[in-house]
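Chain IDs A, B, C and D follow the sequence of writing; residue 1 opens each chain.
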Amino acid sequence: MIDKSKLAEANAAHADNLQHDYDALGAHLARRGVDIADVLEKACEFAVAVPSWGAGTGGTRFARFPGKSEPRNIFEKLEDCAVINDLVCITGEVSPHFPWDVVEDMGEVKAAADSHGLTFGPVNSNTFQDQVGQAHSYKYGSLSHSDKSTRDQAVAHNIDCIEWGKAIGSDVLTVWVGDGSNFAGQSNFTRQFERYLTSMEDIYKALPGDWRMFIEHKMFEPSFYSTVIQDWGSNILAAQHLGDRCFSLVDLGHHAPNVNIEMIVARLIQFEKLAGFHFNDSKYGDDDLDSGSLHPFQQFLIFNELIDAEHRGAKNFRPEYMLDQSHNMTDPIESLATSAVAVQRSYVQALLINRTELEGYQDDNDAMMASQCLKRAYQTDVTPILSMARFKAGGAIDPVGFYRSLNYRDTLETKRPASANPSSGIV
Amino acid sequence: MIDKSKLAEANAAHADNLQHDYDALGAHLARRGVDIADVLEKACEFAVAVPSWGAGTGGTRFARFPGKSEPRNIFEKLEDCAVINDLVCITGEVSPHFPWDVVEDMGEVKAAADSHGLTFGPVNSNTFQDQVGQAHSYKYGSLSHSDKSTRDQAVAHNIDCIEWGKAIGSDVLTVWVGDGSNFAGQSNFTRQFERYLTSMEDIYKALPGDWRMFIEHKMFEPSFYSTVIQDWGSNILAAQHLGDRCFSLVDLGHHAPNVNIEMIVARLIQFEKLAGFHFNDSKYGDDDLDSGSLHPFQQFLIFNELIDAEHRGAKNFRPEYMLDQSHNMTDPIESLATSAVAVQRSYVQALLINRTELEGYQDDNDAMMASQCLKRAYQTDVTPILSMARFKAGGAIDPVGFYRSLNYRDTLETKRPASANPSSGIV
Amino acid sequence: MIDKSKLAEANAAHADNLQHDYDALGAHLARRGVDIADVLEKACEFAVAVPSWGAGTGGTRFARFPGKSEPRNIFEKLEDCAVINDLVCITGEVSPHFPWDVVEDMGEVKAAADSHGLTFGPVNSNTFQDQVGQAHSYKYGSLSHSDKSTRDQAVAHNIDCIEWGKAIGSDVLTVWVGDGSNFAGQSNFTRQFERYLTSMEDIYKALPGDWRMFIEHKMFEPSFYSTVIQDWGSNILAAQHLGDRCFSLVDLGHHAPNVNIEMIVARLIQFEKLAGFHFNDSKYGDDDLDSGSLHPFQQFLIFNELIDAEHRGAKNFRPEYMLDQSHNMTDPIESLATSAVAVQRSYVQALLINRTELEGYQDDNDAMMASQCLKRAYQTDVTPILSMARFKAGGAIDPVGFYRSLNYRDTLETKRPASANPSSGIV
Amino acid sequence: MIDKSKLAEANAAHADNLQHDYDALGAHLARRGVDIADVLEKACEFAVAVPSWGAGTGGTRFARFPGKSEPRNIFEKLEDCAVINDLVCITGEVSPHFPWDVVEDMGEVKAAADSHGLTFGPVNSNTFQDQVGQAHSYKYGSLSHSDKSTRDQAVAHNIDCIEWGKAIGSDVLTVWVGDGSNFAGQSNFTRQFERYLTSMEDIYKALPGDWRMFIEHKMFEPSFYSTVIQDWGSNILAAQHLGDRCFSLVDLGHHAPNVNIEMIVARLIQFEKLAGFHFNDSKYGDDDLDSGSLHPFQQFLIFNELIDAEHRGAKNFRPEYMLDQSHNMTDPIESLATSAVAVQRSYVQALLINRTELEGYQDDNDAMMASQCLKRAYQTDVTPILSMARFKAGGAIDPVGFYRSLNYRDTLETKRPASANPSSGIV
């Protein structure tokens, strides 16, 4: 999607400064016993998937304020995802949402992705909305609904998702349901969870042998009194019940206030059930803000756990990374590009932790030095490594600056006209 | 809207039991030195307004699952509000939302309300959504927007609201804005608040001499990093700045976790700035659940403050009560009727507190007996008083049971056809 | 401890009114299809243990304000517990804490309890404080400490607790540790949890065949960044790891803000791991307030789950009930007596739920009627049943009033002199 | 306290590397249009006070695990504070707590401080604990107590604090009270607050003309249902009521979960009532963890507000900075030294924000670039500036490393023997 010569020109304006900063950081890290080239190599290998739905402007129940030239279907979303990956070179994978991204011939979707150099990550089912013509409503639940026909319909949709996913080369099904209740007494917690597990068994049985199933928990919203998979406890018990290829996914915005999320990550790894992440940031609830925008240290601590797990050779450890954000006020391309880099930043910072020293401090209960050991890694400005990784991979040293110079949205204005309804809310 | 003979028949089936329960409670209260007739009289005088928008089915950003025969405009909403008031006899006031409830001739709205025996409470402005054809978008704020033209447009809308309100007999303007930010740095907190205050000054100036202005605070949503009027602190400072006829409104779902809301109510009363309430219940955020459905003791404690203020002769104390809920899973008529009664229940329970005894325990630091004194009032089952109040006023002893016997929604199915789009979400 | 004739005299003053209220409630319940005698019988069978340490005045890290005539040792604590049970007749079991309640000859403790008609419930170990002369400090942890000698010392203490418990007729060991960290990086979450599990295995092996082991989770305090058993997820995984006789205990004040605790209770029951409860109430953290004093509806919803489990014949369901509160501002005898009754109140209210109707509403997704069904039970003033249960069992109709008439603390003032240090804090 | 030649030797080992890092950062900042020398100068001028009580080991209500050679009185605390200031050169001010730090002749305290090159900051009163021989207990409150004699005693203590403060050269009185309640109904919120205000008026009247009074709010603990000054709303209303020399102090750990603290800081500045800070970090409640240890970005955002206020020439803006932490697991000298630097780090990072650019992005609603503008400053590793500031001022390049080389605690072991009671808790 991007003119390589324009990009080269733009990068040229930054290359000297980048080299200076990179060399200075390299010299500094060498004094700390770290070879910057090794870190750069790992930074280049890092990847995080983008959600197809993230390419559109998000909103709240109060309103949605659409952006200019928004993508109207999976093909246009893939165009935008290709731009993102051209800019940052770490988002080659796209995670689709069904039925939103379903077309008659899913082969065309695969072909479009191929043409952009993109592949598909986990597929996501949707039984939290009713579709036109749907036989049974999900108003009172889907996989855990008290009515068997409704549950069967939801199970069938998930199996459809697997089929669509096969057609585009995915091998993971992620299941999130909003099933729950708004009133004490509305649902019997136990019977509801039993029905959920039975439905999930049916889906699990339909899973191809090389596929995995991810369960996503969430504390609340759209249900406001109880939710079937409300936390990592219910999540891991369900994953254990379902089988070896079922894992528990962590979305950073889906927990109770004050919860230590990095510890949950550690527990899921220890019990061999970590699926991976939906990265985003949040202050109040499932705010779906840009990753690392408000709690960069927390994101770093999560990567500290991930690298520690690799270091210890944790079993069944193969986490998938994905962004899952709602871009209400920014251009989704800009937000996804910078968020991918923000996640990569946490990863690279965590690589700088001296694990041998840290382990020593931990064994000696030297809380001060253990803390300082993490902080030394976190405080390091790894920007030159991130920029150099993009530069080497053919991306943009300054992704947002370069993207803005393209006037991308302006050029698409006639091709992607605005919808008649400028904004809608539910309240 | 309701056939009085059917109602009489339905009530007749409950009247004997009600009388038994009422007499037994009367005898019990007499032993506690309370005359049940006095309490019944106050229960009959109690009133709480219903929100016009509450008559429709609510939803979340994920989906809205419409109910059968939903009202499509203010006239149909008034029909439903009339049913609610016929059932419970304490909701004679309706609070409208503009521009949702605007029609060409607002006199017709007033006439419709008159015909139902309804009046209008506070009018609510809406600058959190864009309307078709609007010159300036509220995507980045309204009354506090960095652009003066946008602020002026928002001010003008609020002044329009006053005009519409005058046409229907209201005398209060309630202002809630979602203005805020999603990123640290996006807005300068101070300059944004200064702009908000300047805009509000312009609206305040346009307020007729017998009108009041209510400011509503909210911690978050639709903004997820900061909100201009984020808590009662900013709210009361703004209300003090604006003038004597500006007051601070409390919505029960708009606070941080764990906050002592009844204490905020007490503070607003003490500083003569309590506007009133948007009643609802919540567990996580602005869940807009049915009033008293999850935290009935908290609702009781709020009424303890209100009755204490009356008892002490608090100055400038004239609170407005209003429901503000989102009915995602229930028939709004049933929820509004039962919620109005739930609020009335808290009021009546709080009437039973022996204030002389309580004051004595407080002065003696007898925490145990002070607590028991409140609990004795709270634990009293005042259902017979509430039922009797409805019965005496011509309402239904069993509002939900009687309403269901009417098959109200079925009878309106052709008159109020479903919209083509069965459900929508924003995500 | 209590003069029965004085009690009879005090009760006589209330007996007539009680009978009136009881009869009126009986008539009302009969109209709802409930036989009050059945409910009374179950109320009489209800029991909840009191914690030996609860008999002393609690405090915060800022200060402790001692009460008059506080018990100074387990024998005096048992005297006070006997008074409580004489008043309310549902607290015949005492739960001791070691080494606080250890004496040379534990047989004397057993004999003292026998003489008061008391028995012993779960015993609690203490590895969150250092004792004079202790070889290894718990400053940096106990069962999960990085140093094996410290872990062994903590394991040995727990095995000692079992021995002490055997001497006094207990058959449950409750293990709570404050182990955790105050700095990110201080502890390796995984290695720390592995060490914890290994230590717990050693204790579990020492458990007599008819004993059970309870694990108690807590979000924070005394550790303020991470805690080893931080939530029910880690708790149940540990309990599953350890074996069939290991269960997960729920303390109501040990969860993150907004968490749905009744749902956690349901999950623990479903997975056959519910140990029981430490009842108390809280608004902010582990506030250890009097049970039901702030969130009576939540306590009711927990009993809704417990009775539902009985109703469904849940397997391995044998929960232990215990109060665990800190009485900083009240006489512990008054607080424990009223709190026991507050818990009994929730139980009796939950007995009134019509389970057949509720199940029907749940199957029909009739959220409104399901909610009303619970509320009808909750709103019933069951005070006459609770009072009658005490009266029948030989307790006090008005426990606090009668207790105050005894001037119990005054009579003990010379026997139990105040400590030289009137108050201490840690800060 | 510190051997300057040893320090010079220790610094020599780091000086070359520091110069390299500093030069590289200087070159980088120059490319961003920033002169590192200007930033260094401001870093050198930065100061934050340490609390005298912070020199001792803290604890929780469960236990306190004393450290080796803890200071036993104000003179030994000053010795330790002198060490801290010798290490980091930004903590020349000590904030005392009375009566903890009272001695017969306060002139001796002043002289001791002078000899260490230390001065005194705000003095803190203590009416949350009872002292031996005190006439009236603070069990049920102090400045807001229902009993006038108790209130008078608390007022008198605060006036004593002013006198003690005058003797040591302070000019600020900080008032924090734990007054509140543990039960709904225990206190009448309004009457309690009125009594508080009246007591504070009496103290304010006794304030010398050049003194200021700071009020500190706190959500909860030691009171667990309500607290008189529970949030910034009550705080600023009290400060406005009391007069021009009364201001509102922000302790970072004293707010409800999820609250936007930097916004509160902005509001207090705007209404000319910001007193300053008690810096610390927290995850759950008033955890009193080391400043910046868990939420470094939040601390940076607070300094963003402070520098913005300076930039805009905010009126009556003269904030005092102070650490207020509880060191339960670390050597207090190490924690206070590193925490002071952590606060200084946030200040220096915030200095790097390009305010002209930021303002432009804010006016344009360019949320993405506004966010990136802050992040660019935050991500900059300013360690070389902080180290160079210490080096230039005569402090330690590596404060913890050098301090450890001194074996300070070992050398004091005989001079400062451990107390007989190794540990105590309240529970």
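Assorted remarks:
By our rule, a residue touches a chain if its C-beta (ideal position, glycine included) is under 8 Å from a C-beta of that chain, and two chains touch if they have at least 3 such contacts.
It should be emphasised that the depicted structure is a prediction, and the values quoted were computed from it without experimental measurement.
Path length between chain B and chain C in the chain contact graph, taken as the least number of steps between touching chains: 1.
Distances between chain centres, each the mean of the C-alpha atoms, put B farthest from chain D. Centres computed as Cα averages put chain C at a distance of 39 Å from chain D.
Note: centroid distance chain B to chain D, computed from Cα atoms, is 42 Å. Counting only residues that touch two or more partner chains, chain A has 139-140, 181-184, 186, 219-220, 225, 257-258, 260, 283-284, 290, 293-294, 297, 329-330, 365, 367-368, 371. Chain D makes touch with chain C in their complex at residues 53, 58-65, 128-130, 132, 137-140, 178, 181-184, 186, 219-222, 224-225, 257, 282-285, 287-290, 293-294, 326, 328-330, 421-427. Those residues of chain B that touch chain C in the shared complex are 17, 20-21, 24, 27-28, 31, 257-258, 260, 283-284, 290, 293-297, 329-331, 334-335, 338, 345, 365, 367-369, 371-372, 378-381, 383, 400. Within the complex, the chain C residues that touch chain A are 139-141, 146, 181-191, 193-194, 219-220, 225-226, 230-234, 236-237, 255-260, 262-264, 266-267, 269-271, 297, 301, 304-305, 308-309, 312, 358-359, 361-365, 367-368, 370-371, 373-374.
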